[in-house]
Amino acid sequence: MADDILIRQIAGIVTSGTPIVLAALGETLAERAGVINLGVDGTLLLSAVSAFITALAVQKGLSGHMDAGLVTLIAALAGSLVAMLVGVIESLVVTISSIELKQSQVAIGFVLTLLGRDLAIFLGTPYRSQGGIPVLFLPIPLLKDIPLLGPILFQHDLFTYLSLITLIVMWFWIFRTKPGLTLRSVGERPATAFARGANVNRIRYIYTAIGGALIGLGGAAYTLSVNSTWDENAVGGNGWIALAIVIFGGWQPLRVVIGVYLVAALRVLVTSVQSSFDPALVGLMNAAPWLLMIITLFLVSGSYLERLLKILPRSVHPALRALLRSKPPAALGTPFEQG
Amino acid sequence: MHIELEHITKRFGALCANNAISMTLEGGQIYAVLGENGAGKSTLMKILSGYQPADTGRIVIDQQPIAFNSPADALAHGIGMLHQDPLDVPTLSVLDNCILGLPGGLLPDRRTARAALIKTAAHLGFSLRPDAFIDSLTIAERQQVEIVRLLSQNARVLILDEPTTGISEVQKDTLFRSLKQLAHDDGLIVILVSHKLEDVEKLCDQVYVLRTGQIVGQERMPCPVVHLITLMFGQHLEPTTRIAAAHGEVILSVRNLQVKDERLTLDALTLDVRAGEVIGLAGLDGSGQQAFLRACAGLYPTLQGQILLENRDITPLSYHERLHCGISYASAGRLEEGLTAGLTVAEHFALVAPKGARVDWAQADQAAQAAIAHYKIKAQPTSPIETLSGGNQQRVLLALLPNPLKLLLLESPTRGLDVESARWVWSQLLERRAQGTALIFLSAELDEIVAYSDRIGVFSNGRMTLIDDPAHMSIEQLGTLIGGKTA
Amino acid sequence: MIAKPRTARISVPLSRTLIGAITIVLALVAVLIAIGVILILIGKNPLAAGEQLVQGALGTAASRADVIMFALPTLLGASGLLITFTAGLWNIGIEGQITLGAIFATILARSVTATDSPLIVLPLELLLAMLGGALWAALTGLLKLFGNVNEIFGGVALNFVAQNILIALLNGPWKAGTYSSTAPFAAPALLPALNGTRLSPLAIAITLAAYAGVVFTLRGTHWGLQLKAMGRNERSALLLGVRTRRNTLLALIACGALAGLVGAIEALFVRGKLAPGISGGIGFAGTLLALLVNLRAGWLPIVALLLAIVPVGGLKLTMALDESVQLDTSLGNVFQSALVLAVLLANGIRARWRTRPTMQAAIVPESLIISAAAEITTHTIGKG
């Protein structure tokens, strides 16, 4: 019985982590191309509320005309598409401002995150107390019955499956394909990418837009799945966490996702034990993920990692690098003058 | 393969970097493009390798005139360039670097690429580890990777820009052997862009010499080196009036100094500089003179050895601490490392004169005005520094130097200046010298070195040769030393 | 062999200011039109709403006092941020610094009783607040200097940690009653209000003094000039003798101290106690304000006041009886951030049009002097 609770909790971690996984993976993609999109939090909120409003509107418009299940599906689809569109638009503002207008990516991103948040609150006010569409619970037949892994991985909704698929596809794309090599070179040394025939700025536009779409999808996951209501306090702040985890995860999709689940697990842990602890301590425990990230980054980014690498034999280097390396793509945030 | 460059011309504003340059390049030959810094070599090669279009003129490959619109385009036509800092991606492996940019398909064919890599490398006598990461390789190894890569993409022309700076003798031999093989056995065109006469002698079949944007000579090797030097540096033996000055006590004492920068390690250097003495450091870019100068300034760490200022050991002192000891340093990059774009002239004067917490703007303005008048700077105290011409910026930089100074370290004090401004700058520097300041400067202009130095330090590949009596040295002899051949 | 500079960029400040002003006005108009369109689409009357907003904010003496009090914390925060922006830093951590300032002030404030003397208590509280904010900012600085942790990430992380510390205190040892907040502070602990108004002369004095202090520091002291040099070109500044590492830390501490004062004003006047969300987004609002005026200190007070009209007037609109002007306050926030975005974009468009300086001159972007490039790569997140 205790096992059951544990398994359900782990499944809960996966569920609650899904939106952040999507957002963090999206931001990883953009930053791999050299673009920092600080607007993640605002976009998450804005796309979440957009998905919610759209889905409700579609549901209201279609209900009665067709099967309820189908209506829900279409509403969710519409909501997700709108959310992704919001993400794409936001990312385009960042890239256009940076590439064409030579503005600071950090400045634009910062303003966009506030604007996104404010817009979301404004648009969402009338919807605060409304219920949303029912969660699209989609357990996968057969796989869901596998002991242990079944409930954890295969009894979720479409968003979670999408997030895991995105992880696999992204990992494969970045590390196993030729276009992935080009992507990495654009973020590391655009001059080389350009010399090899890549259109650096166009690549930045495209990948940042895809990243934006993923962030938007993450927002949709909040209001169409995780909560099925609009609550800006549940959504807000997670974009910043996603940004931090991209850094913490060393811009590697697998590490990033593990980082997200780690943070989600810490949160679940705190929630489940908080009743037995002094409320003051609970407050500090909530800070644990951030403190962990700060300390880790401090140790890794200072010269401590380099010193460690010098001591160890060369054969260990690739493994250690993959595990601990936290260097940003060298060209992150820099404009590239093409031609 | 047969390439003709016909009347290639390229201008940057008022500067004519390439002036109607024409060249013939035949397969199976190794060419050298020789010239001083600023002669126009890199511009020409950038045009040939597709980085820049020429203003006028054309490139004809095998009777077909071709215009490249990108470096990748040029490589598709068989022209590949190995840069001085090879264009690779540090975080990728050797194998991945070679795969990057290959046409075709979503999935890289790692096996084929690996086999091709190993085969080509073996053919050239390189030993490469395909899975090593680029940022763990030496410059020589990175060059090898790039050459292998270019060849695997069917480059028929290899342009190498200063490839031998920062690689060891053994690595150089390997490189040259492979280049000879590529040209003479495999029929490629190899172009070596260099100033190193020793290398040109060892490697090349034909030489083109550039000076101030034009071809001034085309020779077949072997050819007397002196002749090449004359072509490179020109025949200006300007009569110089060197003011003999009495030298004071030893101010700077460098003992067994070893410095390391990204490219090379300087040999142990020992030097004594007296008050009022002017030491000129000559040598080609990357030979160590800049590293030495910066080490004296405290910007580069020293591996071993000592630096003494008036018998006081300043080796452990930081750059800022040395500023307080009466040492000043002026970098060559005026705007990148010296002046701050966005600040006005007066603000610069305020910045270097910190007396008290408050800025006395009236005083700063006055100081700026005084400097403008004295140094004949064409600007106002309120002019943003980036709006000044290079010459005027240099004047401001000099004006900002404190007075009096014990030691003044200058990188290329007259770079980019017209003759009149340069002469004027030196009159100011000589005034300081008359007051007892010791000067160490480096310059790419040989006549400047010869005209003003009491002693000359010639740097070549990290080693300094001290010339105590430059009065009896000719430009040719100096050029030879610089080229790396001991006199 | 050099190209003569082609540009004759006039160094007279006036024309640049004029162009800057016109840009802001154009951006303002664009945003107003956009918002007007949105309002019409949701069935509201934009013109009437606008009129009532301004009326509501400036109509009565009380509301005018509210505008002033609303502008103060943002102005104070923006003043502090001018220091860090000038030095080329993005002090996103200001929210946390405000929170810590409030917390530190509360350490004393909550044990103040009615018989204590405000003359002793108030200065101590303010000093504590400055200390708290300065310490928190110093943390960000130390992380950056010794761990190469980018100050944006450090700031964001520490913001969250500060939030958690606040909640921990309010739910734990400092909890009073059933809500998570302290008990209201005793009168001597609070900043006194001007009789019969909602104005706090002390808060006004502090803010104006801080603002003047910042302006004077940046324009009239060597330290300020050093910061300016650092912000433009860190390498050159270093070579000219500026101690860049030390100044980075000092700039953050200075901004943190002022942020702490904001926290003190919030806890000791606006709320009268320590409550969740004490920093209330003021830090970010201050950042927006600084970006809006393009770091030109002279414009800060006026723009702060003008901006403050929106939330104060907006509050009146939420309670309006006439449906066609009833609006949520969040729209006011939308207006603010949209305005800053529009200004940034307008600056970028303007920069694209002007004659580019030649290769001799450096290209200094007209809007936000700090470029993200310098931020992210030189002060790298993970230094390589």
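Letters are used for the chains, namely A, B and C, taken in the order the chains are written, and counting of residues starts over at 1 for each.
The working rule: a residue touches a chain if its C-beta (ideal position, glycine included) is under 8 Å from a C-beta of that chain, and two chains touch if they have at least 3 such contacts.
Predicted model only: the values in this text are computed from it and were never measured.
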Interface ranked first by C-beta contact pairs: A-C
Chain separated most widely from chain A, comparing mean CA positions: B
Between chain C and chain B, distance of the C-alpha-averaged centres to the nearest whole Å: 46
Gap in Å, rounded to a whole number, between the CA centres of chain C and chain A: 29
Residues of chain A whose C-beta touches two or more other chains: 327, 330
Multi-chain contact residues (two or more partners), chain B: none
In the complex with chain C, residue positions of chain B that touch it: 12-15, 38, 319-320, 323, 329, 331, 335-344, 347-348, 350-352, 354, 356-359, 361, 380, 382-384, 386-391, 393, 400, 416-418
Sites on chain C touched by chain B in the complex: 1-5, 7-9, 11, 219-226, 228-229, 232-233, 235-243, 357-362, 364, 369
Residues of chain A that touch chain C when the two form their complex: 36, 38, 93, 97-98, 100-108, 110-112, 114-115, 118-119, 121-122, 125, 237, 240, 243-244, 247, 250, 278-284, 286-287, 290-291, 293-294, 297-302, 325-328, 330-335
Touching residues on chain B, where the partner in the complex is chain A: 70-73, 87-92, 96, 99-102, 105-108, 131, 133, 136
Touching residues (chain side chain C, partner chain A) in the complex: 90, 92, 143, 146-150, 152-154, 156-158, 160-161, 164-169, 171-173, 175, 284, 287-288, 291, 328, 330-331, 333-334, 336-338, 340-341, 344-345, 347-349, 351-352, 365, 367-368, 370-373, 375-377, 380-384
